[in-house]
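Multiple structures are listed underneath, in structure tokens.
There are two complexes below, and they share chain A, which is joined by chain B in the first and by chain C in the second.
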Partner chain A sequence: MKARVHVMLKAGVLDPQGEAIRHALGAMGFDGVEGVRQGKVIELDLADGASEADVREMCEKLLANTVIESYTVDMG
Partner chain B sequence: MRAAVVVFPGSNCDRDLAVAFQRAGAQVSMVWHKDTDLPEGVDIVGVPGGFSYGDYLRCGAIAAQSPICRAVKAHAERGGYVLGVCNGFQVLTETGILPGALLRNAGLKYICKTVDLVVKTSASVFTSGYNGGDTAAIPIAHHDGNYFADPETLAALHDQDRVAFTYAENPNGSARDIAGILSENRRVLGMMPHPERAADSGHGGTDGMALFRGLADALAPA
Partner chain C sequence: MKARVHVMLKAGVLDPQGEAIRHALGAMGFDGVEGVRQGKVIELDLADGASEADVREMCEKLLANTVIESYTVDMG
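Right after this comes the complex of A and B.
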């Protein structure tokens, strides 16, 4: 069983890496990219029986820093 | 003063921090990240700079879950003193001992240079060796030193006189130019600049020594 966790900087938290990507895309001629946010994806291989609540607890305690990041969990 | 300096895999300022404590007159023990207890009678724990656990996941995130960090957190909760420098500051925010977080520098570059800090308060054992408003030239060396906290936290830090140091010229995008903050009981200091790298004439500057001397003066009889 797999779970996939997406971690993103919260709205309002400056993402200088996303900004750098946006600038690079503009310089390459890709017009119309108004914003870029960079995050991370963490895939977990879980033993049967693990619940979304377990994964959310992992996010709260380690996988995301909820001071600056938000997360979403996809199970299965 | 009895000090313990934590060593994580990837710490690289642990020895410098220990030497600075020793120069100020402290007895220093080094503690390994797998240790579950601090040595008996330790007054202050130093959490050093470096790249603990390779800065995997987020700077300080894995270190914050290490066995020794549970002991450091318990020490802080008992009213013990803690100094976190650079990666050590990141570890202290990741453990929740200090509020906020350290983001990637706004300019994206790793910055390694000596900067002027403004001492915002002398009301702590860490800053009692300075006068409020003093300028201290202290090196920074970080990629993720851009202090972030929500507006309520920033207001509380300001209102409670818990901003220990600010940058005279903001190098990294830090909120309110913050370089170092104190805990609510003023016994935990986290700072991105490296006072232990300005603690010997051979370093090219000694403005960091007042921090260690002030600590020794305050904690010597303990």
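Right after this comes the complex of A and C.
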């Protein structure tokens, strides 16, 4: 089974990569880009029987820095 | 309006970050993690009227290296 985890910087945490992308898009002539946030996506290929709780534990312990990042888990 | 872009390494392209995560999860006692791929997610806050075609052009020109990466665009 598959699980997909999104890890994003929390609102209010400065995102220099996102800002760099926004600036570059503007310089390339893409108007109307009002904000950009960049995060990570982690796709896990799990043995059958793994639960969302297991994946959340992975997030808490390794995949996300919960001081500055939030995460969401999509199973299946 | 919002758009979300996922950028992943193409199948067959070595993903050292994903391998490092897989190895670390195993060392932490999480059994049954058979594979991990890590990619980027980019959330764009766009002015009204932006189209998926605009976002795909951003991907082709800046957000993804289409030699080794594939991307998907979700609008809304």
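As a working rule, the second predicted complex is superposed on the first by the 76 of 76 C-alpha atoms of A that agree within 3 Å, B and C clash if a C-alpha of one lies under 4 Å from a C-alpha of the other, contacts with A are read in each partner's own complex, and residues count from 1 in each chain.
Basically, a contact is a pair of C-beta atoms (placed from the backbone, for glycine too) under 8 Å apart; a residue touches a chain by one contact, two chains touch by 3 or more.
Since the model is a prediction, treat every value here as computed from it, not as a measurement.
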Now for A:G39: first (chain B), second (chain C), both, or neither, which partner does it touch?
-> second
Counting only touches as set out at the top, which of chain B and chain C does A:D31 meet: first, second, both, neither?
-> second
Thinking of the overlay built on chain A, is A:L63 touched by chain B (first), by chain C (second), by both, or by neither?
-> both
Have a look at where A:A53 lands relative to chain B and chain C in the superposition and call it first, second, both or neither.
-> neither
Please name the chain, chain B or chain C, that touches the greater number of residues in chain A.
-> C
Pick one for A:V13: touches chain B only (first), chain C only (second), both, or neither.
-> first
Residues on chain A lying within both footprints (that of chain B and that of chain C) = 61-63
Interfacial residue positions of chain B with respect to chain A in the complex = 57-58, 61, 65, 93-94, 99-101, 103-108, 146, 148-150, 173
What does chain A use to touch chain B in their complex?
-> 9, 13-14, 16-17, 20, 61-63, 65, 67-68
Footprint of chain A on chain C - complex, ascending = 6, 8, 18, 21, 24-25, 28, 30-47, 49-50, 54, 57-58, 61-63
